[in-house]
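A, B, C and D label the chains in the order they appear, each numbered from 1.
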């Protein structure tokens, strides 16, 4: 028996069906993929493509962009470009760890809650809804503040915040699919609950998961940057985009824009990459559903 | 409909209680049960005599078992007591800070919220009506870019451009230091209107422009997207087609469609308001805006958990109130909602 | 002939969902009486057509028989065994013997499973075959229901098939277990007119081969006439008339049955003049009218109909009617 | 002069996967006070044809060519404003799904009254008064003006849709499967209602997949298959003396309570309209096909007075 939606299959059908297809809106997907892949590549190749040690003073401070320092130097005389390159590692690490955590808690809980219903469902939904309605950043700030500044702790704080997102989406979809005729058909055939969930419900959630994944990653990138901007993620001298932006802020109104401009731009680009993918995919999915 | 709207509002208001309880519990568990001693965190590495530590603990109510702390705090919350600060200045009621800081945050969020809704409605409507055109693509792109703008970065870019390059707008604070204003509500724009203080009005509005634009533009992206997608859906619905087949004028049909598309947008407004509050923290920090956000960030530096807890509960209360208002508006606008 | 399925005074009341506000206001819980005291037997090899308008409880009756829905009260006897209170685990082996065919062929197949696998799946669920054997049997089945070449169809996904083809897959999936009893819920109402006959023929061929008993649920009495030996007409959760198919259609005794028959458009009798027209629409099943449930719409209703509910009485051979004022006397 | 004359109408959908020729060179005439039903299976283009008449073909569909003459004026060459004033006033339309064809946020009365305020320019109070009267005409009580659509049943909503469509006594009512979503008894009463309006002088263009339903009430039947009109004539001509093999097949596949207890399918499946078969589009499923059928497309010819068919068996004088 083969189910089409093993992760590998999803990716393959996704690449074949969406990325390479000649349909309107696919440029969004391509641009998004381009941005995300380049930044991931940048993180992997950091030691090769960064000219200086990101944590050391390598030149005079406050140097504007030049051939020697394409993005200038900061107040300690560190090379901004090298810090940008290495900073991508931190943000990607935090965001992916956070997403993996919140998915691995939110998805099973949502599935069980939606499938079985009843009292567990009511309690879980109420808790998750309350969390969901609360400002994510404020909650993340509180958690990060308690745990203390470190990338892994930031990841935990962010993960906590996005569990309700996955939970609500999976629960809602499960409720809808649970009442569909093909799930009813599975019951009529005598399939036990775990088979129904594994073979009839979960595979049909994969596209929605993909969309929510990209959108929540985009969101958590901004949250990570926000937390580190507020000084809750890393400690000196680790290179980190949000933190570096904060460090450069006092010098902006003296005309030294490069310390602020480049880190912030990277945050936006990375978030935008995922948001573009998500937007393009959500259009595909809603198209597929209306068909 | 038998018991009317008043009853509905009353019963719906009761539902705020469990929401706040849940959030309070979560926050309590996080702040009190996670590893780390709040008192030690406050005093840091300084050497302080043990009896003074005990004294601090007692003052914060931390010398009792957790479950007593839980109910203690809850009991005090019922009386409007949010606890006292644990860091410099020590022992000040958190309530005082809420009173002094909240109006600034409220003013910022009201302006930011208004800007985001107006921008979102305009761009979303234009995109939906011109569906599939270059304008539509442009608006969708606007929505994505706005959504992914990093608030501090965008705010600082605006500061650089309008404050430094053009030099036309103030980049921090709420009011020019040489203008005095008698505060009544704490909302400076309102206060200066109430007291007829033109200078203060101009100054406070000028100070609001950049922060509220930052917040408004960033938050408008979500509305653009939702309004567009909803309106596109609605415009393809049967009843719109029926309107056309009856010879109803186009502009009227657009209004009917907008009314329908607006219903889900109202739901989003509640959620967006919460996100807006989160965004306000970053905006306040970026623009040195003396609101709740900057206060929280301050307190984090001191590891003042009591204040953080109080602020978060207050936020929870505020967010619940907003969602109550949103629900009531929803019930008023949509005849399908039973109450 | 032996009885395969029997429903005894079957009832299903669905609670109307209440919001937290309703609970807080102590609003009384309301029930939709979807099925309200239904009894019938289906014999071996026999097809009973259950006819009625939307909301009359016919689909719920079918689901109750298969225990896809928990009955509020009453009994279901399957092959002489009371299955009303069986637990899901005890029920599972019985699912081999009773199957369901659904109305909407677009929704009753898993969009993410190859159709061959969907047909083979029941065998694997009940551990009746190894994966290899199941595949072989599924291929045979594909051929049997006319989806050839089977190897090609095995690999396809539901969205690559037309409505008629999907319904063949649904039938194949139900029939691969060689069941004794099948509930067919409007199996052709979403199929294009020109292809309905072939789907019905397919069902008929399985019925003959397996000596299947069938409950055929339909709103269309003219379809019901083609497939069934007996007809039961439902109104507001109750059977109002039941009997041999031709007898009920040619000689309806209940005013509702008569109105239903007269409302069906016909080419052969398109110029017929007099129809029995009834007024209004089906009342809210949350608060069915007292007495005979049909009386508010019945042109023959009298005092007694308002106060008392008639019993289902035998008026001819095997012909039962629930009415005080039988037609055609 | 006929009331409506459709001439060589072509409506194509320009989808990503190809051009769907949903209506392909269809010509049809509807006289004054005449009930014409278009019968065909899903995807044959019958609804698209109806949308074409009111110029509401949904994108990516476009009217490619043809003329639609309504009382001597070409609907397709009118400017928007002129056409809008005809819609609702001279042509009324009722759609398939009564659940979704009324605005959920507005009271029924307002939606009915809007016809009078828009097209007659009378004030709202008077319009509501007329709306109440109209609701009584369609068999509802006057009080329904204060209801919202979600408070009504499907049958009631369809009555309101018909009331709106008929509010200004148009010359033509287009009804696109108005009873498909309804139960058979309700269907019968809705059909009675439409028939009543016909008796008062309105012409009806009725779209349905149900041949029996069409046969009971229409004057004429047009049979469509795969975007083409294959047969057209009076009910008796089409039903008692069908000339096209598809019409024959359809007649055999409709169950009839008063006919034989057996129905037959038409073998095969309808074609993909992005790539229809050459020649006659029905030939792959036709029992009587001859060589000619797969080579050239038959034209609609008159086989007896007022009875038209597009089939080579008839054109070549065989049969």
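Here, a residue touches a chain if its C-beta (ideal position, glycine included) is under 8 Å from a C-beta of that chain, and two chains touch if they have at least 3 such contacts.
Since this is a predicted model, take the numbers as computed values, not measurements.
J.: Would you kindly count the fewest steps from chain A to chain B, each step being a jump to a chain that touches the current one?
T.: Shortest path length, in steps: 1.
J.: Which pairing of chains gives the most C-beta pairs in contact?
T.: A-B
J.: If every chain is reduced to the average of its C-alpha atoms, which one ends up farthest from chain C?
T.: Between chain C and the rest, the longest centre separation is with B.
J.: Please work out the Cα centroid separation of chain A and chain D, and write it as a whole number of Å.
T.: Taking the average C-alpha coordinate of chain A and of chain D, the gap between them is 51 Å.
J.: Need the CA-centroid distance for the pair chain C / chain D, whole Å please.
T.: About 32 Å separates the centre of chain C from that of chain D.
J.: Mind checking the centre-to-centre distance between chain B and chain C? Centres are C-alpha means, answer in whole Å.
T.: 54
J.: Among the residues of chain A, which are close enough to touch at least two other chains?
T.: Residues: none.
J.: Find every residue in chain D that makes contact with two or more other chains and list them.
T.: In chain D, no residue touches at least two other chains, as defined above.
J.: What are the residue numbers in chain B that touch two or more other chains?
T.: Chain B, residues with two or more chain partners: 132.
J.: Which part of chain A faces chain B closely enough to touch in the complex?
T.: 24, 126-127, 129-139, 141-143, 145-148, 218, 222, 225-226, 229-232, 242, 245-246, 249, 252-253, 255, 257, 260-261, 263-265, 267-268, 271-272, 275-276, 279, 286
J.: Spell out the residues on chain B that touch chain A in their complex, using ranges where they run on.
T.: Checking each residue of chain B against chain A gives 18-19, 22-23, 26-27, 30-31, 34, 36, 132, 140, 144-145, 147-154, 156-157, 159-160, 163-164, 171, 225, 229, 270-271, 274-279, 281-282, 285-286, 296-297, 300-301, 303, 305, 308, 312, 315-316, 319-320, 323.
J.: Give the list of chain D residues in touch with chain B in this complex.
T.: 54, 56, 58-59, 84-89, 92-93, 95, 97, 100-106, 114-115, 118-119, 148, 150, 161, 164-165
J.: Considering the complex alone, what residue numbers of chain D touch chain C?
T.: 41-42, 153, 155-156, 183-189, 192, 209-213, 215-216, 235, 239, 249-251, 253-259, 261-267, 269-270
J.: Can you list the residues on chain C that touch chain A in the complex?
T.: Of all residues in chain C, those touching chain A are 66, 68, 91-93, 95-96, 99-100, 102-104, 107-114, 117, 120-122, 124-126, 131, 157, 159, 170, 173, 177.
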